Amino acid sequence: MIVLNGGSSSGKSGIVRCLQEVLPEPWLAFGVDSLIEAMPGAGTGIEFAADGEVSVDDAFMTLQAAWVTGIAAMAHAGARVIIDDVFLGGARSQEGWREALAGLDVLWVGVRCEAAVAAGREIARGDRVRGMAEQQAELVHRGVVYDLEVDTTHTEALDCARTIARAMARPVLSGSR
Amino acid sequence: MIVLNGGSSSGKSGIVRCLQEVLPEPWLAFGVDSLIEAMPGAGTGIEFAADGEVSVDDAFMTLQAAWVTGIAAMAHAGARVIIDDVFLGGARSQEGWREALAGLDVLWVGVRCEAAVAAGREIARGDRVRGMAEQQAELVHRGVVYDLEVDTTHTEALDCARTIARAMARPVLSGSR
Amino acid sequence: MIVLNGGSSSGKSGIVRCLQEVLPEPWLAFGVDSLIEAMPGAGTGIEFAADGEVSVDDAFMTLQAAWVTGIAAMAHAGARVIIDDVFLGGARSQEGWREALAGLDVLWVGVRCEAAVAAGREIARGDRVRGMAEQQAELVHRGVVYDLEVDTTHTEALDCARTIARAMARPVLSGSR
Amino acid sequence: MIVLNGGSSSGKSGIVRCLQEVLPEPWLAFGVDSLIEAMPGAGTGIEFAADGEVSVDDAFMTLQAAWVTGIAAMAHAGARVIIDDVFLGGARSQEGWREALAGLDVLWVGVRCEAAVAAGREIARGDRVRGMAEQQAELVHRGVVYDLEVDTTHTEALDCARTIARAMARPVLSGSR
């Protein structure tokens, strides 16, 4: 499995599509966006404040936990899975995934983008609540440990994907991954 | 769990959104469309012929099987899940789901729509390969056993959803469901 | 030209796509949705209240007036054009169009749908502010004069489109159209 | 008026959204994508070959010409309009616009992006026929004369938009623009 974590408008989705293109085998891609889309009214227990702050309640966390369990089961069943998520809880969010993914080979990838650049791309894409990019740019990486980090500020999504694909191809010497 | 099966343009997605609205608890909704979207290039090993015939290969079946396993795991983990699928293999497709969902309480719902009406709605929606609606209208129900059937030919999605919700509320007397 | 007027979720877009299919010549289709999409932030001077009430200000009206002028110019330049609009101002809205379209052959079509049914379809489609369907179902037809009315409550979009297409094919005896 | 011309995946749409954000007045934005969407079956007389080559026939050209006339009429009626187009015919395409826009104050902007980078972004966005970005990167600029050129290869959409907005703010000394 590959888990990408980065703030809103940091370019995760583009990297995911490029990864699906450059990786030799078919990989399934899921993410927090597809989870929210699966919820009633396109989002249960998640609120987007006018300033871009995102808050989730227990109902959201419960559904998310079941979803994470299901994603892990897909991987255990043999599917190659790429996840893109926004670790609003930083290290705590990673811990949740880590527990669910126990026993699976996971590459943890941080997707960084300078806050000001991500905020500009948020305007350019035009389909996101303003302010999320800036609010999340640093927040989501707090205390998170990665095998690899990419930065879309000056690097194209396809190049980031190639870097990740090369890391996947590397022999794993220890059980650390 | 609720599993809806019906041909393309039979109105499954509308019923799902209405179900998420009328059911008192939050339900997650996944379907074959979200699976295809998760695949590389938005569809691996699935082909849409010019006449609307859909064929899938082993690569697709393998990813789908892992996905079904994951959906079942979400339900086992406590999530309420609505699935909308197109049983291209009829009874055989249902058997695959039945095995994966063993031990879960499932309501099987057939979503029917007269082929000519579904074909008209396929034109009206404008985002589907033409011919799928007509090809699948009967095909997907062959040999499939339902707890409940709804027909969108003359019944609105919301009314179909209410019928299904009432069936969910009924006390289960035997373990048959 | 064909101008369709009806409330939100009355089924105008579906009828438009079917009209483009059944009419023998290529027709361009524009509507209030495409106008809003053309505006900054996907909507300048238009507000959707929580109860579905839509209000527009002078800035919106000014842009809309220029847009209407442009649509009329496309028709004068020889394009066949289908418009779908929501006459929030009823007869007054029609008057605005009528002035802009002076000298053009226009078929005015009312698209009706029972408020309760439109409200149900608003839930089923899942991408509209709730309440608009019900608020607009009667409102938009007040004082508006049509050549033809269709009702999607019990009639499919394709059948409505065929009815409209037949009306287009009819010889025009007077200059009234 | 502002007319942006650039190849597929050169970043025109993002610049347009940023322009609508940074320009002090409300601007309407239309483009070849919105024209194609207005056509029957989402594209009449336009063909996308497997290698990304785009060809259009007379039916398309006729509808496009009427559309251009209408856009010019919107501008004459007082609307500020941003166009993003793909000049498949290079200088010839510009000539068509120039005739239609006679008498209007137009800023011609070339949007460049290195072919390889645009091709990578085409993969990342995932919703375009592959090959268009590369085929069009140089082609669309042949013989076209600009007031201003921006290059998204290493410059963000928002920065390109700011450059264009500054050019709009400059006093026009001659009638050349």
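Labels A, B, C and D are assigned to the chains in the order they are written; within every chain, residues are numbered from 1.
Convention: a contact is a pair of C-beta atoms (placed from the backbone, for glycine too) under 8 Å apart; a residue touches a chain by one contact, two chains touch by 3 or more.
Predicted model, so just to flag it, every value in this text is computed and none were measured.
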{"item": "Shortest walk length in steps over touching chains, chain A through to chain D", "value": "1"}
{"item": "Taking each chain's C-alpha mean as its centre, the one farthest from chain D", "value": "B"}
{"item": "Computed distance of Cα centres, chain C from chain B, in Å", "value": "33"}
{"item": "Whole-Å gap between the CA centroids of chain B and chain D", "value": "41"}
{"item": "Intercentroid distance (Cα basis), chain B paired with chain A, Å", "value": "28"}
{"item": "Two or more partner chains touched - positions in chain B", "value": "21, 41, 126"}
{"item": "Contact footprint of chain C on chain B as seen in their complex", "value": "11, 13-15, 17-18, 21, 117, 120-121, 123-126, 154, 156-159"}
{"item": "Residue ranges of chain A touching chain B (in the complex, touch as defined)", "value": "20-21, 26-30, 34, 37-41, 44-45, 59, 62-63, 65-67, 69-79"}
